[in-house]
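Each structure below is given as structure tokens.
The same chain A turns up in both complexes below, where it pairs with chain B and then with chain C.
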Partner chain A sequence: MNAFEYAMPKSIDEAISLLSETPGESQVMAGGTDLVTALKQGIVSPKRVVSLRHIDELKSIEASGDGLRIGAMATLDDLAAHDGVKAGAASIVTAIKGIGSQQITSIGTIGGDLCQLPRDWYFRLGFGLVAQYEGKDLVAEGDNRYHAIFGNDGPAKFVNASVLAPALIALGAKASVVGSGGAKREIALEELFHAPKKSEDGNTTLASNEIVTHILLPLGARKNALYHVKPRHGLDWPIVSAAVAFENDGGKAKNARGGLGHVAPMPWVSASAAKALEGAALDEDTAAKVGAAAAEGASPLSRNAYKVHLTKVAVKRAILAAMA
Partner chain B sequence: MPMDDAGKTRSGLSRRGFLKTVSAGAAATGLVRETTDTPVASAQEKAIVGPGPVPIKLDINGEAKSLSVEPRVTLLDALRNQLDITGAKKVCDRGTCGACTVLLDGKAIYACSMLAIEAQGHKITTIEGLGSPEKMSDVQSAFVKNDAQQCGFCTPGFVVACTAFVKQHPNASLDDVRDGLGGNLCRCGTYAGITEAVLQVVKGGA
Partner chain C sequence: MAKNAWPPADKTVLMGKRIARLDGPAKSTGRAKYAYDMNRPGMLYARLLSSPHAAAKVTAINLDEAKKVPGVVGAWAEIATAEPDNEVRYAGEIIASVAATSEEAAREALTKIQVQYQVLPHLVDDTDATKSDGREQGEDKPDAAAVDAAISGAEVKVSGKYGLACITHACHESHGQVCEFGADGNLYVWPSTQNVSAYAGGLKDASGLAVNQIFVDCQYMGGGFGSKFDSGRWGAISVRISKETGKPVKLMLERDQELLIGGNRPSAYADVTVGATKDGTISVWSSNAWGSGGMGGAGRLGVPYVFTKIPNVRTLSKGVRTNRRGAVAWRAPGHPQACLITMAAIADLAAELKMDELEFFLKNVALTDRPEVYTEELKIAADMIGYKDKAHLRSNPTPGTLKRGLGIGIHTWGGIGNDSQTEVVINPDGAVSVSIGTQDLGVGTRTAVAIVAAETLGLPLDKVQANIGKNSYPPSGASGGSTTIGGVSASTRDASTIALNALLEKVAPVLGVTVDELEARDGKIQVAATPSKSLPWAKACSLLGQMPISGRGENKRGKGVSDGTILDDQGVGGVQIADVSVDVETGQVFINEFVAVQDCGRIVDLLTAESQVYGALIMGVTYALYEECIYDNITGRMLNADLEFYRLATLADVGKLKVHMMTGPGYDTRGVIGLGEPPVIAPGAAISNAVANAIGVRVPTLPLTPEKVLAALEQGGKLA
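== the complex of A and B ==
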């Protein structure tokens, strides 16, 4: 691991100015559960690490309007134990329990989960987000069993690793972002992610001196659930996850939203699935049809066609779980 | 570089003795210092520190420890290489296996995945702080009673992880235990003994 200087701002403004001083050479650290490993392995080698651990205002979970205003440094344990989350966002609790490691949920944070680097093995071996080597597309020509089946027509074929994003997107969450000079912007959570054209573009849309400060999570009387397929029972990331949220309008789905995880370089929003669910009777037949609709347009690589089937199953089971 | 203690044993030296030799050599070259003899402001007072060694204070098993580390040094390396507290094991060194588990304010964390400088201001408990052969904790004696180990290398991490789990899940079921200990691996496969030990503690039978 390269040596780096360590900055410990006490406020958001201080964090932004510490990041702005060293454009592109700083790394934001949240819980550190993955970043410390990435530093050790040389996947990231910043001149400066800016830790958000000492900024108290980023740690709280507060009631706000009809929902919650969650600090980016709120831990996953705090989130899963929050009464409002337990009552109104079962999908989030399921996602956190699925992480499978008390050592990660104890200090891992919501902001860290959202901005975490992909698990893609070519990326972790140092070939970058857009894994190319001697003109070859390593993913397309190599072992792509865990890679993208959607949004993979560009050079990026990794899958976004966030376990919370699909649930938060289904629930209509927004991200509050602060950047240069303290400028604030609020974006729909799905706008936090993109498929990079070049490795240096990163896996989020954040500028190098921007941080996610809060997540705004609307809570209401919505049915919601998440279903994930994992390769094993303990600590691991899902192969596919599906989150849904809808209102039960006399036995029919209303204001239906969904998010798919680990199937594309960004959390994937399936318009065809939302359309198939909207206004449909809440029964098993609908759940299966929406699952099939969610898989429309998939473009699997040489070794991951099985993920298309898992997508159908995960969406169907998420809807059934939300109905229960 | 902080010492990497994986795979560096040489003939003629015990593994531990070799590490101490390396440690002394590194200290002589100024890479690692164990005393706070510099007039540098403490790491808790300045906004930016490093990349060179920084004096820090850690609360480990109730004792205040002063040491000097580069910001890149993990809590695990600081414990093992500088403070000679070697119960937490370095196995995967990538936040997966759980052999390095320690308690941070009572909650289980991977010591390999936290920078030592970030552990300041928190109470750190290692396996050494949980009990002794003469006076074992409930979890430790349940491990003995249930023969919950084979080679024993994962055991310190498992005992610490189980201690945190039992405290947070005093009514855990078998499924809860299996879910809750997903952050630790035992390559000998002694899970049956470990889950039985945890269930005994939960039921008050240890």
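== the complex of A and C ==
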């Protein structure tokens, strides 16, 4: 760990100023469950760490229109315990409970989960998000058992680590982002992520002085569920996850949306799956067909074809769980 | 006169009962201080720089910038920069060290050390012996003709590849120590070690002191599993730094270093052909095995395991030297590997015969050294897990996507008691101290020592002070190979008996009887035939006057205690049966129940003995389902040198564990036998067999990850 300044702004404006003063050399800290490790291991070496923990307006979960306005610093425990989330977003509760660690969910936040760094082992060994070594693409030529099966035609082949993003995307969430001079923008959550061409481009589309302040989560009478495959019951991260949301229109799916986790450098939205589900009868046959559709276009690497199979199963089971 | 021979099991007050660890409260409240917890005034924090390369030559090391980091007291090269001693043989090899007044400064200084490497080609993949580039060692070539004939003549036979990945010890407490030179010129060391009495020897050169000037103290330690017998390079480096700086030094490995260089359990892979008669009697075994723990290769694989009396046997075995840290003893060296490969092949043969696995094991116990024990244990284990109701042939799987299966593994181990000495002091006020230079790896050795002394002296447990963990106490052997409990129980019984007899000499005339008529029981010295004729313990001890009395007891490995009585024994068998569910769509394996039936001779503390087995089952689930050192072929680096992707089972993963210790005639009529190794041997075999029984195909190698389970299902044409 290098020596760094630790800033504790009390307001969003102050946080943006602190980030703007040191462009590209600051790191935003939310719960810190992963960042502290990354700092200690030298994966990130910022000159300044800007903690958002003392900005009270980022911690609340408020009703807003037909949904919720969730502060980026709301903890995962707060989210999972919220009545509105429990009633209208079971997929989010499943994702949080699946982490399997009280320590992480009590201090980890929704914003931190979304913006966290990949857990790719080449990245964590210091080879960068676009892992290269002596001209070799480490992921493509190395051990890619946990890597991307979609969106991996570019140089980045890690998988996005967020456990919440698939569920939030399926539910149509938006991210409220504040940046330079307090400028605000609202983006569909899937637009928060990208596959970088270069390691220094990061795994989100945020500018170095931008932060996610809130997540806008529409809640309605939608069926929704998430299914994830984890190696361990206890603390572990999914190998694959799938979230779905749809309305039950007389036994058929309407306004179907989905999100896949841990299969691409960004949370993956499968257009073919959404298409296969839209208007289809809500039955087991449909679930299996949508699962198969979700796997269309997969481009597995040398040893992760099993994740294509797991994607089919996870999507099928998410739909079945949502139907139940 | 008190005798050394153990009292009958039904006559004991403490021995063989369920007694909680004496140091449980200290550990659970954090009062217990481990090496990492030791802090000395003015102490420096030392850290090691590891090589990122698996094979290289170091051509230059520049420490200048590291020394400039505020708080840094020194930085040292730990490898030569010129031929021939500048070769790096594995990722993680120690290159340099730093010492600083804070851990943060030490860590930062490591990042400032500049090392020039001339990178060399490496081999880290041990799964394919044909790609080992002449790095094989130790192949044997027994006569083939008879075995070939037996194979071709076998009425039923199967061939398969089986194996398990190289894993590491993953000690919760990493390797290392705190050390300090006292004003008296002596060296004081607080290490994490399995070998208190002999630890100092490794620090002689670095300290420049004789062993009698090095004082070792290890009251608690957080896991060794065979990897903490010596002080290691890190131990010597910290002593050297302490000597040079004049400051106490703490040097513990970082987590990634613990996994990289703490030690490896070698992998093992084998192509096996095994045959039987139609009625299910194993008739022939042929195997070609290889494996690697790293740079030293691997020892010979001892297959067929347990079923050593198979009539026709051919085994080829070789080690492959890879660019990884070498093999270090890991609980029951070689046995978990041999057990998995043997039991898997045999279970596959039973499946081929369409014969129930339990029936097949029972039919073939005659091919083992302990048929009666295994027969009894197999039947108990089967009852405990509800075998009759749950069992099905591999060819007849349970319906649905969550398929259930049972699997069996059986194992053996020696467990003779080590050389050990104990001193028991009885004070005139009745207080008793027991001192022995053994160590408690967390398994309850301290408690066992107190139990044996208290039982022998007829006292409640809290009247005995058990002192362990210092090399100033009477020497006791390293805790390896399940040799501790037999050794310390014997020497403590001997010492207690000697001290007691000295006390009885004083009491006999007062009670007007001979020494031979007396016994110590229920806090009294009493006449055995007329217990009403007695002296309370304190009163008896007051007869000592001013001077305490003491007894020095000794167990000599294989030769008994001071009067020749043999109080230990060796040779045990154990049976384990796993009940698993496998999700055949996701490849996930879930442990439902896991049963272990184990003998270990005379049991000292039933609770800690059971606890030892529970712990072994958890460690077994871990290596069966999760553990694997994953190395990258391109960079030669370990990809999962952390506890995130080097997965250890959590309590949510281990299922319902059930342990049964064998007691009664034939078991507790024997001496005390060690229990550290046996129960950790068979879990991989039992779980692998249960998965095969559940899904109808063999997953050839451990760990049984979703990736491998799905691949096996696909290959077997059983993927949904």
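Quick notes on this one:
Please note the rule applied: the second predicted complex is superposed on the first by the 324 of 324 C-alpha atoms of A that agree within 3 Å, B and C clash if a C-alpha of one lies under 4 Å from a C-alpha of the other, contacts with A are read in each partner's own complex, and residues count from 1 in each chain.
Here is the rule we use: a residue touches a chain if its C-beta (ideal position, glycine included) is under 8 Å from a C-beta of that chain, and two chains touch if they have at least 3 such contacts.
Since this is a predicted model, take the numbers as computed values, not measurements.
In the superposed model, A:77 makes contact with chain B only, not with chain C. Once the two complexes are laid over each other on the shared chain, residue contacts for A:100 go to chain B and to chain C alike. With both structures placed on the common chain, the touch criterion links A:1 to chain B and to chain C. Applying the stated contact rule after C-alpha superposition, one finds that A:233 touches each of chain B and chain C. In the superposition on chain A, A:121 contacts chain C only, with no contact to chain B.
Touch criterion met: A:143 reaches chain C, while chain B stays clear of it. Contacts of A:51 after superposition on the shared chain: chain B is touched, whereas chain C is not.
With both structures placed on the common chain, the touch criterion links A:42 to chain C but leaves chain B unconnected.
With both structures placed on the common chain, the touch criterion links A:310 to chain C but leaves chain B unconnected. When the two complexes are superposed on chain A, the residues of chain A that touch both chain B and chain C are 1-3, 40, 100, 233-235. The touching residues of chain C, counted against chain A in their complex, run 104, 107-108, 111, 585-588, 590, 625-626, 630, 632-635, 637, 639-640, 642, 644-645, 647, 649-653, 705-707, 710-711, 719.
The touching residues of chain A, when paired with chain C in their complex, are 1-3, 40, 42, 100, 119, 121-122, 124-125, 127, 133, 136, 138, 141-143, 145, 229, 231-237, 239, 303-304, 306, 309-310, 313. Interface of chain B with chain A (complex): residues 1, 43, 47-52, 54, 70-72, 74, 93-96, 98, 101, 104, 107-110, 112-115, 117-118, 161, 164-165, 168, 178-183, 185. Those residues of chain A lying in contact with chain B across their complex are 1-10, 14, 18, 32-34, 36-37, 39-41, 48-49, 51, 53, 77, 97, 100-104, 106-107, 233-235.
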